[in-house]
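So, here come the structures, one by one.
Note that chain A is present in both complexes that follow, paired respectively with chain B and with chain C.
Take a look at the complex of A and B:
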């Protein structure tokens, strides 16, 4: 469309995937919202996952983690 | 006259479906090979049989555009008939009317406006894709789409200043890219809130 195989978007050239770019854009937009909407939307960024470390070929007890990550935070 | 009627009818039917690509519901050579081996069993259905054929492009342009606008957590518009949608594509704002040529557009942070009669609904879209089909259906998918009145202008200005600063002091490619994304998003938000 815009590129003929030569020009790539600047984030692709810097080694970023589209998924990461899209998630960064979304989290920046969420951080600019007004108050009631902002806290609702930050709950959407939560990632829940369970991690189990493997030692000597055996999995240890899995740990359930809830991670709230602001991908790009304003310091 | 009456003798020719079936032939005329057949010809007009053929014309209506002429532009649908031939999607056979069953692979005929597979069916024949199956019948040779066990003629008593029905041939199994292949994935091709489960696919619904592409809906035919109507011969006259429909009067309304049907829009499906979805976010990961909810659907904003589900098969809504509208007059026009203006989408913020990477190649610029694109107006989509009924009868638009089939297009896939990548969206950039910007305003998506839905025009229905005299009312206009505007959303700020963070990024996503718009698929416009030949039969005047548009599927728009976005990660975040927020009505413009839900933003806080001071936060936007603050963010813009922060990222412009980050862009100036960025050293690695990745930092520069992240800062550039921040600047793009915040300046799009700024112009959205202003205009």
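Take a look at the complex of A and C:
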């Protein structure tokens, strides 16, 4: 799909990075599967980590990112 | 002091004659602590306690080694498969460890748990070395730390340079989604010209090499491609989608960072398990040697105390009769 040079794709205009865009697409594909492959592949989507930004040599309160459900739900 | 030892001798002799039980004697002796002045030898109870604890430690380290070996087997296949994700990127965009840019961000990958040998220290040493290499006027270096162990070490002397620290990565088994969300977070929060990822590459169960991979920001890639070299060939590729080159480069570098980070995390996890295996192996071997030495001491002490009892009895008997 050729777009005129200078026009950005919709997701870039919405502020998403390519990585996030491809993750959402992957999550959609995973939800199209049938059991039992669906639960297997949804288990590969679990995310858990804890981020804390440092300001002036001091850590701020950590933020736990835990996405156990799919990034986009189709219900 | 001498009176005390004579009194003790007298006690021992009398209880020997009346009760005929060596165990009671042993427990009478063992109520003292390690070899105070005037006592004759280390009590066997203490040595026995030490032997018991060393044996427990040996069992635990052996079990940890087995656990690490099984985890290693699981992750190793994943890591080898993940190598295919970033090799095309290196073929396309090249790897430039010696690139000279203003804003360097060093991503150090380490483990959350300890007892894994020296791999975390080597990663931190390498990151510090890189920082020295890249520091200078007009250049700034920041750290992004993954894992508790590197955070603990870097906090000691480079507190001001840490940008983000990320922990609790290993709660779920590794998958691409987790690492890519992480990469997304890092990309959003950190300004960079070049990202250097420091991790331990897994060559085999006994060899883990600290490595550095460089991911450049799209502007720098653009700049480099003007000057030629590998990146200069980028123009000769036909790009589907018809978007501008800068757009494609931006997507590519983001994806490259996510893939490279994924591979680095997997390799580091493999190295961690391998290092833990060898560390636990050597520690159970050391525990075994310690146990041997303690057994010898124990037997020697036991035999010495039995001999002393016999001597006392016989000399006491001969004193009574003769």
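Quick note on the criterion: the second predicted complex is superposed on the first by the 52 of 75 C-alpha atoms of A that agree within 3 Å, B and C clash if a C-alpha of one lies under 4 Å from a C-alpha of the other, contacts with A are read in each partner's own complex, and residues count from 1 in each chain.
The criterion applied here is as follows: contacts are C-beta pairs under 8 Å (C-beta built on N, C-alpha and C of every residue); 3 or more make two chains touch, one makes a residue touch a chain.
Quick caveat, the model's predicted, so the values are computed rather than measured.
Asker: Touching A:24, do we find chain B (first), chain C (second), both, or neither?
Answerer: first
Asker: Of the two partner chains, chain B (first) and chain C (second), which one does A:34 touch, if any: first, second, both, or neither?
Answerer: After superposing on A, A:34 lies in contact with chain B but is clear of chain C.
Asker: For A:11, using the defined touch cut-off, is the partner it touches chain B, chain C, both, or neither? Pick first, second, both or neither.
Answerer: First partner only.
Asker: So in the superposed three-chain picture, is A:44 touching just chain B, just chain C, both, or none of them (first/second/both/neither)?
Answerer: So A:44 meets both chain B and chain C here.
Asker: Taking the superposition as given, does A:64 touch the first partner, chain B, the second, chain C, both, or neither?
Answerer: second
Asker: Starting from the residues of chain A touching chain B, keep only those that also touch chain C in the other complex, and list them.
Answerer: The overlap between the chain B and chain C interfaces on chain A comprises residues 1-2, 9, 22-23, 26, 44.
Asker: Quick one: in the complex, what on chain B touches chain A?
Answerer: Touch residues, chain B against chain A: 73, 90-91, 104-106, 109, 124, 126-128, 143-144, 146, 150-152, 155-156, 158-159, 162, 173-174, 176-178, 180-182, 185-186, 189.
Asker: For chain A, which residues are in contact with chain C within the complex?
Answerer: Residue positions touching the partner: 1-3, 5-6, 8-9, 12, 17-20, 22-23, 26-27, 44-54, 56-59, 62, 64-65, 67, 71.
Asker: Where on chain C does chain A make contact in their complex?
Answerer: 159-160, 162-169, 171-172, 175-178, 180-185, 187-189, 241-244, 247, 250-251, 254-255, 257-258
Asker: Using the touch definition up top, name the residues of chain A that touch chain B in the complex.
Answerer: 1-2, 9-11, 13-16, 21-26, 28-35, 37, 41, 44, 72, 74-75
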